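In what comes next, subunit A is part of two complexes: it sits with subunit B in the first one and with subunit C in the second one.
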Partner chain A sequence: MKAPRLSAPVLLLTPAVIVLAAVVLVPLALSLYSSFTSFRLTRPASFFNVIWFDNYLSILTNWDFWVAFGRTVLLLTVALNLEMLLGLGLAMLVERATRGQRVLRTLMMFPMMFSPILVGFQFKFMFNDNVGVVNNALQSLGLTDAAIPWLIDGTLAFIAISIAEIWSSTSVFAILILAGLLAMPKEPIEAARVDGCTPWQTFRYVTWPFVMPFAYIAMTIRSLDVARAYDIVKIMTDGGPAGRTELLWTLVGRTAYGDARMGMANAMAYVSILLSIAFTYYFFRKLAAARTQIGAEW
Partner chain B sequence: MTKLLAGVSAGVIVLMVPGLAAAQELPGKFAGVTIEAKLIGGQQYEGLYNRIAEWESATGAKVNVVSKKSHFELDKEIKSDMASGNITWCVGSNHSSFAPIYEGLYTDLTPLIPKAEIDAFVPGNIAASTIDGQLVMLPRAQFDVSALYYQKSLYTDEAKKKAYKEKTGNDLVPPDTWEEVARQAEFFAAPPNFYGTQFAGKDEGVVGRFYEMLIAEGGEYLDKDGKPAFNSEAGVRALDWFVNLYKAKAVPAGTTNYVWDDLGAGFASGTIALNLDWPGWAGFFNDPKSSKVAGNVGVKVQPKGSSGKRTGWSGHHGFSVTESCANKEAAASLVWWLTNEDSQKLEAAAGPLPTRTAVWAWDIEQAKSDPYKAEVLTAFQEAAQHAFPVAATPAWTEISNQIFPELQAAILGDKTSKQALDDAAAKASKVLEEF
Partner chain C sequence: MDDNASARLTTRLLSIGHAVGLFLAMTVICLPGIWIILTSLRPPVEIMAKPPVWIPQEMNLDAYVAMFSGVGKGGIPVIEYFRNSLIISVTSTVIAIVIGMAGGYAFARFRFSGKSGWFLGLMLTRTVPGIALSLPLFFVYARLGIIDTHFGLILAYVALNIPFTIWLIDGFFRQVPKDLAEAAQIDGCTRWQAFWQVEFPLAGPGIASAAIFAFLTCWNEFALASQLTRSVNSKTLPVGLLDYTAEFTIDWRGMCALAVVMIIPALTLTFIVQKHLVGGLTSGAVKG
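Moving on, here comes the complex of A and B:
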């Protein structure tokens, strides 16, 4: 009897499937499973103690979790919108540059080259109430004579963290939107000009629809980034003081590694992922609509 | 006669016992023995390991360093070794703050090391290396405790002295109690340009500071049954010290977000009068390139709390021998070698504080030509005598993570001290129950 022979496509796909299973599916399945257990890192045996939906039920009534959830959504909204606006502005300015555009593009990407941990340290010191450059500048300019507690007051700390996020990632938007601007055919703009459109109308009805798909791609990427914001916040405030700047992933990180409650943390993480899925779904729909509008063929 | 003989032989046995206890001549001979070791890595720690080769040629044994990693990596590795029961190595780097976690892993060194050698260490360091009556490690010259740094010029300013005397009726001298620190801090503070003092305000930093203040106020962190006991009257007094300074704006408003780097930068900026801090900063504070207070830094032993006890949260590195080690004598000899006088001198010469009394004296003698360094070392030597480790619970880190947001809530005025401590105790109890 001959051994059954696998068809060529199956054979060729097998390595990829095995690698994917090893690095994605198995860990994913294990973490999903552990979210139904009382798994504590310090007690390996608890990995087998299945408690079904207890973790998820206690998340439903966990006020701290939902506050962190809400704060993350707010950060997403604020950071994405501002990054979009600033990135669009930057891209349009750079596109206008007739000389040194390459240098400008490289310069623009500088913030992306820093590790988020270092960005966190940098902004932590800038916003330090006593020795930080921000307060120092404000005091020297005579705008205030108080030491503004940037990283202590909940609202101010939110602003400080947003600024750090926006500083480090606006260039993602700028680069992608710039790509859109450069790829855009010039005829429609010339036609609009000939037809007597104002610059605003040209932008609103010609340029903007063309770059919109690029903006939505950037939005999708960044929404995933911000929804899992961790490193910058970890360094700047570590979710504190007294939980005033807690975001989803600082909470998950603390629960998992600080409190060693890995099962609970995984459950939180799965609930948090819903947020990312919702944003991704929303932006992809917008992207599809925008592409249809300009009749894109890609 | 029989009685006499019995008496004599008993006497002989008694005489022999110390001889037995000092079982080995150090470093001893261990030809053919191989000791596997897991050591802490990093520039600051590795200079010492050059001395391993000398031990090998003195004893004929071999050392195989199976792992050399940062403290946290090593900690993870050791924990997974413990979980899998796979302890095939003999010597491990240890730390006083983490030693309680490795319950049952390391052997008692008392029978393996001559008593005179153990007595040559600073008693506080030996106490901090002893868990449940077992000496689980020998301390190396990598010791940390905080002493009080201050700006000298504040105490020579005649106008300030006069004003302070008028305001409080006391002389303005570097403080010796925490109550005095608070009083002087409020007196010196002139926000937003100058503050009386500052403190670590998040993570383990604020918990450690609260913990030592609690001890200095006569309180207990955990009671004898291992239950949280810090929400006592002493606990409220300890926490109120932080709360009141914050309320009086005698500390920077951002202090609840500070950890060590922020605190170091703060004192070096010249905007802080008094600063309880670690020995590692001494050079930085007095270096004109990094510090605006260079040349103006005084250091003295950390102040006392209302119980008369000084603060003294401390930690030190050391080496331990595993319980499952096949050749404990050889392993203990290596541990002794890495912590003996010559080894400690080698490490202390690079800056870190020693843990042997004789090396302290040597270290201070070496610094004679540098008055600042001599002042620093003298202050820290005294500080070391009052040092104590973190509460001996394997759950220290987990408890700290639960407590610090509550301490912050009290300091920021979101909760009263009592309420915050009660909430913290409830959370800590839950952690301990589940531990």
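Moving on, here comes the complex of A and C:
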């Protein structure tokens, strides 16, 4: 008897599936199991002490956790929306430039090559209350005498972190939206103008629907990697002071490695994974919808 | 004022506004980087000065000299970190590209059931936050004894890069017309030959940019590396950056110098890749 012949796509995809299963899926299954135990790093025997949903129940009633959760969602909402708006603005500015577009495009990519940890460190330096360039500038300009505690006050630290996050990721949106603008045929815009559309109407009903899929591609790429904010926050404030800038991810890290409560941390990590998946799934659906909507023209 | 003159004025104002807006945007984008380079060249006294010294009085390369002069002389083992980063990033990029090429080709050229489901599934493995993945990996690696080794990080980074590599390479193969490979096969090539002699060279630049993108991801990764490395055996540059922070003080100048060292390879590679990267992302996702 002959062995059943495997089809080409199955063979081609096998290595990828094996690696991802070994490095992502199996460890995640393990962490799902350990989220049902009272596992502590310091006491290996507790790995087999199954306590079922106790970890999840204590998360439900853990106020700190929900504050961190809310703050994470807030940060993502604020950052993603502003990145989208600023990216759109930047792309349109660059698209309209008549000279030096290549140079501008290259400059625009500048923040993309910064490692998130570098972004965090660089903004930590700039927002430093004592030697940071922001406070120095404000004081030299005579706008304030006091040293503004950018990274110490909870609200200000949130703003500083959002700025760092937005600085580092706006270019992803700008570049992809610019690609959309450049790929767009010019006739519809001219037709709209001839028909008497205002610039706003031209943008809203002609340009935007065309560029939208590109914006969703950028959104999807970003949502694949939203947890990058961990690096930034970790180095800028490390969740402090007193947990006032704690995000879901820094909380997971602290519970796992600081308090050695692995079981609890794994339960929290699962909530953060579900959050990421929800974001990605949402934008994938949007992308698919936008694609079918303009599918007729392409 | 007649209509003509006012229209001309509006156009003029708009173009000035455009130039100013563009200039401001570019300033905001470039300033942080320039500030880091500048700080790495200035003596600590000037960095800490109150009131601030805006015009640099004195520039030197002391920070770089100190950094490379090794442990104990105010330096950190930068050369080891650099070597680790390079070995880990290059190896995992090569492996991820080979695996990603197979996967991307499968998505671009074959029809099979549940195709979009598989694609989404692969992407979803990428969404797992690094810190969340580090918990079980830390545990498993500790058991296997591969914490603080190159192998452990390479394995993790290959998995990290496969989904995105597949997405990009899928896009690049879609840009190569199917007819070309079919024509080659009619002329007597096997499918294997048609792939290597026709499709691969055409998608080549795109695959190269996918490789650079994967390299940058490894080069910049922190959340996993910070938990899976312990010593100079395997610490990468992003983790090494933390060596400059003590409990209450930070050596700003040294950190800036290391930041410049980290950013230069990334900068060079991004400039090479920029044109193709966008093409791969958009064609794969829009014309699907």
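Quick note on the criterion: the second predicted complex is superposed on the first by the 265 of 298 C-alpha atoms of A that agree within 3 Å, B and C clash if a C-alpha of one lies under 4 Å from a C-alpha of the other, contacts with A are read in each partner's own complex, and residues count from 1 in each chain.
Going forward, a contact is a pair of C-beta atoms (placed from the backbone, for glycine too) under 8 Å apart; a residue touches a chain by one contact, two chains touch by 3 or more.
This is a predicted model, so every value here is computed, not measured.
S.K.: Using the overlay on subunit A, decide if subunit B and subunit C clash or can fit next to each other.
M.R.: clash
S.K.: Once chain A of both complexes is superposed, is A:D129 in touch with subunit B (first), subunit C (second), both, or neither?
M.R.: In the superposition, A:D129 touches subunit B alone.
S.K.: Should A:P241 be classified as contacting the first partner (subunit B), the second (subunit C), both, or neither?
M.R.: After superposing on A, A:P241 lies in contact with subunit B but is clear of subunit C.
S.K.: Which partner chains sit in contact with A:Q139 here, subunit B, subunit C, both or neither? Use first/second/both/neither.
M.R.: In the superposition, A:Q139 contacts both subunit B and subunit C.
S.K.: With both complexes overlaid on chain A, does A:I273 touch subunit B (first), subunit C (second), both or neither?
M.R.: A:I273 contacts subunit C only, not subunit B.
S.K.: State whether A:G258 touches subunit B only (first), subunit C only (second), both chains, or neither.
M.R.: It touches subunit B, and subunit C stays clear.
S.K.: By the touch definition at the top of the document, which applies to A:S169: first (subunit B), second (subunit C), both, or neither?
M.R.: neither
S.K.: Contacts for A:L151 in the overlay, against subunit B (first) and subunit C (second): which applies, first, second, both or neither?
M.R.: In the superposed model, A:L151 contacts subunit B only, not subunit C.
S.K.: Which of the two partners, first being subunit B and second being subunit C, lies in contact with A:T37: first, second, both, or neither?
M.R.: neither
S.K.: Going by the touch definition up top, name the partner, subunit B or subunit C, that contacts more of subunit A.
M.R.: C
S.K.: Would you tell me the residues on subunit A in contact with subunit B in one complex that are also in contact with subunit C in the other?
M.R.: Looking at subunit A, the two contact sets intersect at 121, 125, 130-131, 139.
S.K.: Within their complex, state which residues of subunit B touch subunit A.
M.R.: It comes out as residues 83, 191-192, 195, 198, 201-203, 252-254, 256-257, 261-262, 265-266, 269, 271-272, 397-398, 401-402, 404-406, 408-409, 411-412, 414, 431, 434-435.
S.K.: Can you list the subunit C residues touching subunit A in their complex?
M.R.: 18, 21-22, 25-26, 28-30, 32-33, 35-36, 39, 47-48, 50-52, 54, 98-100, 102-103, 105-107, 110, 112, 118, 120, 122-133, 135-140, 155-156, 158-159, 162-164, 166, 216, 219-223, 227, 238, 241-242, 252, 255-256, 259, 262-263, 266-267, 269-271, 274, 278-279, 281-282, 285-288
S.K.: Over in the complex, which subunit A residues touch subunit C? Could you list them?
M.R.: Result: residues 7-10, 12-13, 15-16, 19-20, 22-25, 27-28, 30-31, 34, 89-90, 93-94, 96-97, 104-118, 121-123, 125-126, 130-131, 133, 136, 139-140, 167, 171, 175-176, 179-180, 183, 213-214, 217, 220-221, 223-227, 230-231, 234-235, 249-250, 252-253, 256-257, 262, 265-266, 269-270, 272-273, 276-277, 279-281, 284, 287, 291, 298 of subunit A touch subunit C.
S.K.: Contact residues on subunit A for subunit B in the complex?
M.R.: 40, 42, 44, 121, 124-125, 128-131, 135, 139, 145-152, 237-238, 240-243, 254, 258-260
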